[in-house]
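Same chain, two partners: chain A is paired with chain B first, then with chain C.
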Partner chain A sequence: MNVAAPIRPVGSFFDAPIGDLDDLRSGTIAMAGVYCDHYSGGMPGGRLAARQLRYASSGQGISLRTDDMIDLGDLNVFPLDPVGNEAILTEQCTRILATGANFLALGGDYSVSPALFAGLRAASPGKSIGLIRISRRLDLSDVFEATPRRDTATTRIAAQIPNGLSNVALLGAAGLQSAEEYEWATDALFAPRTELHDVNGASLSICRDKMMDCCDAIFLSVDADALNTRISQTAIQSDGRGMSTERLLAVLETLQDLPVRVADLTGHLPDLDLPGQFSSAAIAVVGYALAEILRAATR
Partner chain B sequence: MSSTSNLAATRFANAEFGTLDDFSPKAIVILGVPVDSPAPQRPGTAAGPLGLREASHAVLQPYLSSPSQTVTDIETDRRTRLRGDSVLLDIGDLVACNPWSPTVSQTVAALVGEIVAHRAIPLLLGGDGRVAGALLDGLFTEGQPPACLVLSNKLMPAASTSKAPLFVGANGLQPATLWNACRDAGGTILSAEDIHANGIEAAIDSIAAYVRANERLACCLDLEILDAGHAAGTPGINVGGLTPEQLMAILSGVPLAEKLAGIAVVNVAPALDPRGLTEFAAAEALLALLGTRLFERVAT
Partner chain C sequence: MSALRTAPLPRMAGDLTFMRAKRATLDDLRADSLAVIGIPFERDTIAASGCRFGPRALRETSVYFGWHVNAQFSHPVDIDARKQISTSSIHDRLVDLGDVAIAGHLPPAANTMIQSAIGEIHACGASTIILGGDDSIVAPAATACEGSLGLLQFGGTLPSVDKEDAPLGQLLASKRLRPSNAVVVAPAQNPDTNFADEFENAGGRLLTARKFRRLPAAKLTGLARNLGNSVDTLLLHFDISVFSAALHGMTQTPRFGGLTIRDMQPALTAIGQAPVAGLIVTGLNPTKNGLSVVKTGQRLIVTALLGYIYGRLGLLSSLQREDI
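Here is the complex of A and B:
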């Protein structure tokens, strides 16, 4: 070859090494994209988030610690079979966790979280498992039979936990919520956005401490709609209610001591990020913060 | 097909489907007028009625997902419920209104007159700004024409000739003939610059005083009132317009609902805003405008 052109490797999350299940071991942070936005009631587009996050988080000359991280590629999904889709997401999550690695799922919509939580449950027999969900919405609707599966992510996960909502912490909810969902939320640990201005405040401390006490393994689910509209450009809300990226990162930092084994980051719609990078970069930073939580949990 | 199929989104705010024979007193009758804006304006407002209907469902989703159709605002702890006794009737879209012509304008005005004659309230989903003109034509043919509140970056020609109109959000260059017509009609202009400079509270006070002074109001909501950075889906581009927060503060802060004689929402071109914020802001503003006609407070 007579041409000396700078060519960089195929983009991966945070420029982490690309690998497969055989490369995973205890202490590794496995990452995978989730090309699935078919089964929630929201605007489609989250399936493209993994691609955009790889683009936004790689080749930027940013030096992040990635020696303990593996990008597994995208999870297999069944776009036309909701039941089969949940089953295969659960199976893949279980197999990843069975290696001893912790798992970070990036992209997709909130319909994937219950399936991935089922994977954590299957991989954690006899353990007390819990959920920390950071989202603008409570997603506590009890309308299970509806398709698409709107507003039920938290309900579906809580149904898998023997202690129900008492092992669930809901952080960052804002704006109008169904009155019934708001009442049910009182059964969970609850810190709305207005109580997260001070990360040292009582609400967040109580949530963190109780989750630490009652859970052996935690699923941390972050929906990008928790962010301010102008940052996430995903939450279709004109009133701008939502956390800043800085606030969300501060909240995530307080969760570093918890036994988080699986984290997911859903709800980012890169098609709505017209410049192609600003909000994706913000989401990528949030994704790396989740990876750091998983890293801390392996220590 | 599930019972919650998205077919519901084809009607505005979960309204009943109806026909011209179904009007009842105090009903809010929704009529889409999918007319496109002419050159040199950017096209796309023909899709406005459908975009507004879909967006109204997104705005109402917390209510619709509640078995009691009640929501709690987490910030204020205030509870509101969709009124069970409000009558929303979506009679569909006017066909063959493109291109706009005097005949189409007269048809819209005649329909508005028919709705008003049944003591119902017309709500026109545009369409471009000429739809607002047709609404006013229809309302002004009555014996006691209502006052006119225009939320727009422009001095709307039809409103400029009505009696003492109030223009909110005017911004940029305006034709001298409209300035003169507005002045001759005893109109008042509360410009976007006034609102930015003096604050939203002062604007609310001025608009509330106007509302108090009039028994009935025609309201024209032109989405070009919003700054183009917040709402790109409009035929024209308004630099320095209001923010959605300012518009919502005005519509939520002034009790307009019980005085409404007719409403037109115009200049929503969904395809020009891939983020979808324009029709969402329009639907949110419209539902705030309808206020107590749609929602009621619930004791906590």
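Here is the complex of A and C:
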């Protein structure tokens, strides 16, 4: 039978091969969708991002390198059990990293980042791990004061790092006012959005060099709210002055030589109707840029 | 094999397949498979473009019917019949192949690709549900089928002076279809008098919506079975224009006096019991105004298709009433 019929299968991320844990090894980029937008407050919808990103990034006739990528499908989640949900996300992340593969999680809200970070921590015993987070917000609210899990992604990740915020770089924030409210946050590295217009600028260089020096493994978290609202709706009310896709890609390109083992792309609320195709396609481009960072980290 | 995932996914997570069916390739097809394939293609009519988004829109809507098809869900309960519906056999037999990779191709190349893809599916012995696209996909899909052809057309256009401006006209003019093997139900326009006379004199059947409503379901099943038994391949062309515009306006040819979901679902269920090789859904333009992606009309279409799927897979006995 001629199996070369012009049929495009139901999409995978970037038309990458579909597989499971047995297909992963060192040098592979494992990708999985995260169907979760239940625990961070704000507008729901991020749970549908993975499905739409698969649709937007496949069958476009664009030749992307995918021979070292595997689409694992979507991670298990527990929509009614926040503790169980975190535990299972952490466990799955750990199992993926244990194969030697690097991991790209696509979709979901920013409540998934701390759970996946815990997976990286469990898979990297004895190593110095750090966080680079690109987001319009700093998410530095106190875990106990804020509405559960709202605006606390950075705080909850920093709590898992022995060195605390000194291994954390926060890029693309709309302002630093909230950071100044927290004295304990001054250890973190900051490169606000206004200083990212020049990717060769001092702020970004300092963040990159410091993370390179102090971290053996890095978690790179990108929240779609860093982008201009014309590009992406996001999990909370977004800022019309956010970065363009081009600017974000330029920033990501500067991070290519860092030891990034896990990356996630959260906060994208896809419009399921036809106009939503454009924003999902733009976010998919960002997703592939993250995959290239993970690929570079394996070299 | 060690699996990453150890628990079921939430209902809407995962691949965007039709009704959450398993994704598949041609190699996975069996003779008893019911294969869903999208053909996102339309004529180059800029003013009315949008039908190429039909497959995606139907898949988006169909995920809300996933409990009929996906093994991770519990079996649905038919409230009217007061019994649980066993859907296990659907899980294996209804599969989604994806789309014919047709974007950007001109009609001649597109027709060749459609013929190739549909031909290969039917060569496996599987029957198909083809998600269009406008009705320009019907003729190449029908041409791909081997042997004598039968056609049941619901809604859609009819040939006028230029006999090749409608799929039925193309198939009749090319002698691929004999008029006596064609039945047209509730076309979206009044037939040209000359065509109607010529068609019916040659053995074709034209049923208006009013006539069709008077046809008992058993007689419709018999009609489809007889037609299916007298040809090698029976195709069912379900154009969305068959619905009344008051019910569903997302078609290029909205009309009043069409059929309702109460008419269509039993009809498709009855016809599904005949040896239909392929159901071709055309004419849905999701860019027309509606209530976002899960538009009421699209839900109704998928509801109608569900009846066809149950009929085609021989599961109607599971719907018979019993007390619990």
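Some notes on this structure:
Note that the second predicted complex is superposed on the first by the 269 of 299 C-alpha atoms of A that agree within 3 Å, B and C clash if a C-alpha of one lies under 4 Å from a C-alpha of the other, contacts with A are read in each partner's own complex, and residues count from 1 in each chain.
The definition used in the following text is that a contact is a pair of C-beta atoms (placed from the backbone, for glycine too) under 8 Å apart; a residue touches a chain by one contact, two chains touch by 3 or more.
Quantities reported herein were computed from a predicted structural model and do not represent experimental measurements.
In the superposed model, A:175 lies in contact with chain B only, and not with chain C. Of the two partner chains, neither chain B nor chain C is touched by A:202. Legend: residue contacts after superposition of the two complexes on their common chain; A:62 is shown touching neither chain B nor chain C. Once chain A of one complex is fitted onto chain A of the other, the partner contacts of A:193 are limited to chain B, with no touch recorded for chain C. Of the two partner chains placed around the shared chain by superposition, chain C is the only one that A:96 touches, whereas chain B remains out of contact. By the touch criterion stated above, A:72 is placed in contact with chain C alone, chain B being left untouched. By the touch criterion defined above, A:43 lies against chain B but remains apart from chain C after alignment on the C-alpha atoms of chain A. By the touch criterion defined above, A:51 lies against chain C but remains apart from chain B after alignment on the C-alpha atoms of chain A. Contacts of chain A with chain B, set against its contacts with chain C after fitting on chain A, overlap at residues 272, 274.
Residue ranges on chain B touching chain A, taken from their complex, read 2-4, 58, 61-63, 65-68, 70-75, 79, 81, 230, 244-245, 248, 274-277, 280-281, 284, 298. Note for the complex: chain C touches chain A at residues 1-7, 9-10, 12-17, 23, 25-27, 37, 53, 56, 60, 96-104, 113, 116-117, 120, 123-124, 286-287, 292-294. Within the complex formed with chain C, the residues of chain A that make contact are 1-3, 5-11, 20-22, 32-33, 35, 47-48, 50-51, 54-55, 59, 61, 72-77, 79, 88, 92, 95-96, 272-274. On the chain A side of its complex with chain B, the touching residues are 41, 43, 141, 143, 145-147, 150-151, 173-182, 192-194, 229, 233, 236-241, 271-272, 274.
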